[in-house]
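After this come two complexes, each holding subunit A, first together with subunit B and then together with subunit C.
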Partner chain A sequence: MHETVGIPRALLFYEYYPFWKTFFDYLGIKTIISPNTNQKILEEGVKNCVDEACLPIKLATGHVMYLASRADYIFVPRIVSLAPREYICPKFMGFPDMVRQCVPSGTRLIDTNINLYRHRGEEYRCYQELGKYFVKNPFKIRTAYQKSVKKQEDYCSLLKKGLFPEQAMKAVDRHNVKNKGYNPGGPVIAVIGHSYNLFDRHISMDLIKVLQKKGVNVVTAENLPEETMRSETSILPKRLFWTLGQKMLGAAFHYMKQPEISGIIYVVSFACGPDSMVGEIIERYIKYENTPFLKLTLDEHTGEAGVITRIEAFLDMVYWKAG
Partner chain B sequence: MKVFIGIDVGSVSTNLVLIDNNNNVLDFVYLRTSGQPIKMLQEGFRELSSRLPKDVQVYGAGTTGSGRQLAGVITGADIIKNEITTHAVAASFLVPGVQTILEIGGQDSKIIILRKGVVYDFAMNTVCAAGTGSFLDQQAYRLNIPIEEFGYMALEASNPVRIAGRCAVFAESDMIHKQQLGYNTPDIVAGLCEALVRNYLNNVGKGKQILSPVVFQGGVAANVGMKSAFEKFLQTEVAVPRYYNIMGAFGAAVLAREEALKNGKTKFKGFSVSEEEYRASGFECDGCANCCEIVEIIRSGTVLARWGDRCGKWSSSVTNSERIS
Partner chain C sequence: MRVTFPHMGDTWIGVKAMLEYLDVEVLMPPPCTKKTMVLGSEHAPEFACMPLKLNLGNYIEASELGANTIMMTGGCGPCRLGYYAQVQDTILQDLGYSYKMVVLEPPEKHITELFSKIRYITGNNSWWKVIKGIHFGYSKIKMVDELNKKACWARPREINRGDTDRALESAKQKIINVEYTKDLSAVHQEVLEIIDQVPVDKDRDVIKIGIVGEIFTLLEPFINFDIERRLGYMGAEVDRSLNLSEWINDHLFLSINKKMRSCKESRMASPPYLNHNVGGHGQETIGSTVLYARRNFDGVIQLLPFTCMPEIVAQTILPGVSNELSIPVLTLIMDEHSGEAGTVTRLEAFMDLLSRKKQKKEVLA
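On to the complex of A and B.
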């Protein structure tokens, strides 16, 4: 009998899916991904999650609820830290416990700890632990891990070439991908936001596509190497210890200095603690660079009309400035 | 005579402006939308055409405001522009050199920062509509003061009371509390204006460099109490332009003129739109779990436009003009 593992299309899905998929594939485990967010998944999430949580967490809860009746296991790793001396948002750490309260009893959650705070090498141990849910042979798990690391490297290098996660996930499996949406001569706008907001078309109201349809070329933080973002944030008086916040800030710092970038849109989710602070820092620094800047706040009540009005006005501003 | 028309369909008011080829305002209509944008738009056209000289010919039309899409489809506008851009265009036209625009409308408020005649930065209220026109409307009604007199009453205050402006609900209970304690009405009204201005500056205007000349426009600019509260907090003169309440429509007209002159022709359907029968109806699409609410605009039985769908299934299938709802 083949067991199935459900992977919610939420949170760090857009960053690590190729890694996880390769890992489970090699161990002979079938994976099920929840579909693209739709109204029903969002409603399920809002209904089941604690009120105080931010939109991405509510949404992730909705995806877990979708998988609860469809997969034998649900993969909700407890992600504590993804880089030495850095942390990830505390809501990610508590996520497995939050969903445990709302999934039907008997649902099996895989909540392996992923904590690389001390050393990047810890990652291997984390995945050994994960593999043990299904396979006894540690050598097989090691091979799975090595293959996954390789796949992840390929995936990241595709992102750096300018692909977005959805395209890169296909390209990494040797599917042909047309890099649609490139408009020679159009303005380049950096859209900065967490991958789970930006690339979730429902939540972002297909922001990237809306911009592309208006002839804008979009770049995101995903298209930059990690080192760039880390070195960009070193100008801060204190080291930023939120991995995701650092990514947003580093990308904004990098793009605002590039002459070919006509403007920056920063997408935040309402009630996100780290985002509110990072947004403030970006706004303060961007003033010196004179780059057009727009902050878009998203929540489950956000109407498309308000977002479109702001984007249109922002583009007018960009064109107006360009003359 | 060559004229251009600008239409602003907002949440609270529907305005039409007629300008000549030199961007001078010839005539305008200001109506309350009262939740019936199509009817009011037609009403506006009727009113405008009844006052129109014989030799007038419309060479271009532009729409703006939250109902811009709807108005654009109905009138056949040459340009459909967001209200931030039209307000900026209008203000920089009427007040050359303007550096800051404070705009408070029916349900949103915005700040637009211009530098060297170009929009440099802007912000709009996000999650909260406290401090906009409809809130003031409601409080005036609660205090039993006509909204037109509200501002003047604020000027009579000697000692404005402090009201929490963070949230409309809290502001209201704060205000009631102050009433119960026996503070006089002018002081409460002035306190309310100050609370709203404080809220605006801390919320929409947060982190923005407000430099003079400052222009205050939108329906709420009619309120002299708000104007003087702004002047008190900003410590600078705040100008209210002559056409403060129709700035959006004026900006749309100016842009329509540019657009129509560029294209050499207009798509405007004429004043007869006020006589046609338009209807908007909606339905919930059951194609997927998103359950989009689709709106259909119907003119005498044929579908003009549809929107509201995320996937484009309905909005792009208008050509077959088959009614669904």
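On to the complex of A and C.
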């Protein structure tokens, strides 16, 4: 069998790619990844979505459209929940049905449900189901799953060492990758945002690089262990039921209390539902702490010059406050 | 304790009746107006959905009248409604309003959490009286829904423009005035007669439109520009896919009344277009559209507040459903910038399209 599976470089790609890659590799399936976002992919996505859809969904649709003519299957899992009693976002839950409306008929979508709402152990069952698309032998799928879990753990520990997803994805296969872009003595800024916005260079205007070039050390939510973020959000009156929102909130709460962090940049996409609520809470709590804060809203019309100007103004404020 | 709660269409009739039955002091926010919207959207997050903003406006206005306790519903995701109360509470505190929020929602740990919240509102009433109070409020909601349904049928067929609405108003007032459970059935008969006496032309040819979408935009006439009445005057019989009494029966009473239309039916109809629940009323929107197509309705209108996540999923899928089942669908998105004139123009155009399509079908048949 020489079937290929296309993995769109969008949505949870930056969180789970090493896992998926290892899983498919072990089952002997070739994977194709869509390239880094370019204007053409973005335009294709915008064309095939309703105007009201958010930027990450438009982007993901663009990547799926790119893969539609190039891969035998497209991997668009229906990610319902990644932690007990939590959800991701309604659009993640409906994404496979949304893209089915625009891909050419006959495109084969793999839309396995990934639903850990009841119990974290459900994950194994979800991947058994996924493996069955290609392999009959459950033991082989089991080994693939175990290998992937291992790989994912390595990847996460690299992230916690301060690497960003792109570096960590390379590093996870061969060791000894230096953390480039560290500037001793420079201010440390926490950039908080969903991985699919922040690490997509086209969408975020390469925000992290821009900051690093200005001598700023950047930390993100990815660099924190999950437990820290969960314990930080326990001060809320009600447990937040969006996993990604929890991550943003936990990271913001953690970083705003660290004296070495000089400022926080919060990156959101236009009309993001969960972020409209999470962002409001972050903004109000940060005001009490008096930490410099910048909220950058991104969409397909965002101009690079405007973003740069705002970052420069923000850095001026940070330096000015530091004296 | 002076309790207030947010507006959603005629919901207040039932909730107010229930609370007053239990001798709780109720302070209603004034009906939603432009002012409510301005107050709400001024302080709410920019991309929050419309209901959050209007609720916030309601609370601010009610506080000025002297309310100090808010009773509202919550949820446990993925729709944003589940986190409304916490965000609104933070905003109200920052603005300096002192409110106690009582959120009635599925409990996180144990059912006693919910009971203690109900206790907080109802005070020393016995549980039996609380149940009777809920029943009293619910009966009123059920009657109002029944009246609205009848009015939707009569409006496009009425001989004198406005008769139905006048009858509806006086009937609703009669329901509001009922104070004791024993009077309910007599008033029920009375209001049904009022609405049945509206002179109508039964044989008139009307266009049938189903309205689907998010519950708040469906039920609150302020936010949807009174769409049912407008369509009625344009000659359309409107069917609302969701009624408050049905929602309560499904979600609070766990479908105790089996005869009532249930969301299960529409959810079952939504595959293969939408195969999974997406929170809110996303799946019901798709399912109801399929059901309306099967019932040979002429068209469907989807209503949603701007940035509503589940409805955006549905909106993406609806054109496919519309194509396959050949039922025209119009999506109307509501927010604080929606203009009345623009909405009316679109409704008129949609009506033209439907009547043209209907004529063509009749000629061919």
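One rule holds for everything that comes next: the second predicted complex is superposed on the first by the 320 of 323 C-alpha atoms of A that agree within 3 Å, B and C clash if a C-alpha of one lies under 4 Å from a C-alpha of the other, contacts with A are read in each partner's own complex, and residues count from 1 in each chain.
The definition used in the following text is that contacts are C-beta pairs under 8 Å (C-beta built on N, C-alpha and C of every residue); 3 or more make two chains touch, one makes a residue touch a chain.
Since the model is a prediction, treat every value here as computed from it, not as a measurement.
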item	value
Superposition on subunit A - do subunit B and subunit C clash or fit	fit
Touching partner for A:222 - first (subunit B), second (subunit C), both, neither	neither
Contacts of A:44 with subunit B and subunit C, given as first, second, both or neither	neither
Partner touching more residues of subunit A, whether subunit B or subunit C	C
Which of subunit B and subunit C A:299 touches, first, second, both or neither	first
Angle at subunit A between subunit B and subunit C, C-alpha centres, nearest 10 degrees	80
Subunit B versus subunit C as contact partner of A:97, first or second or both or neither	second
Partner chain(s) touched by A:316 [first = subunit B, second = subunit C, both, neither]	first
Which of subunit B and subunit C A:200 touches, first, second, both or neither	neither
Overlay on chain A, subunit C to subunit B nearest C-alpha distance, Å	5
Shared subunit A contacts, counted only where both subunit B and subunit C touch the same residue	270, 280, 284
Complex interface listing, subunit C residues touching subunit A	44-49, 74, 76-80, 82-83, 85-87, 89-91, 94, 108, 273-280, 282, 306-310, 312-317, 319-320, 333
Subunit A to subunit C touching residues, read off their complex	49-50, 52-54, 78, 80, 85-91, 93-94, 96-98, 100-101, 111, 113, 236-242, 270-277, 279-281, 284
Residue ranges of subunit A in contact with subunit B within the complex	38-41, 202, 206, 270, 280, 283-284, 292-293, 297, 299, 301, 305-306, 308-310, 312-314, 316-317, 320-321
Subunit B residues within the subunit A interface of the complex	66, 81-85, 118-122, 124, 126-127, 207, 288-291, 310
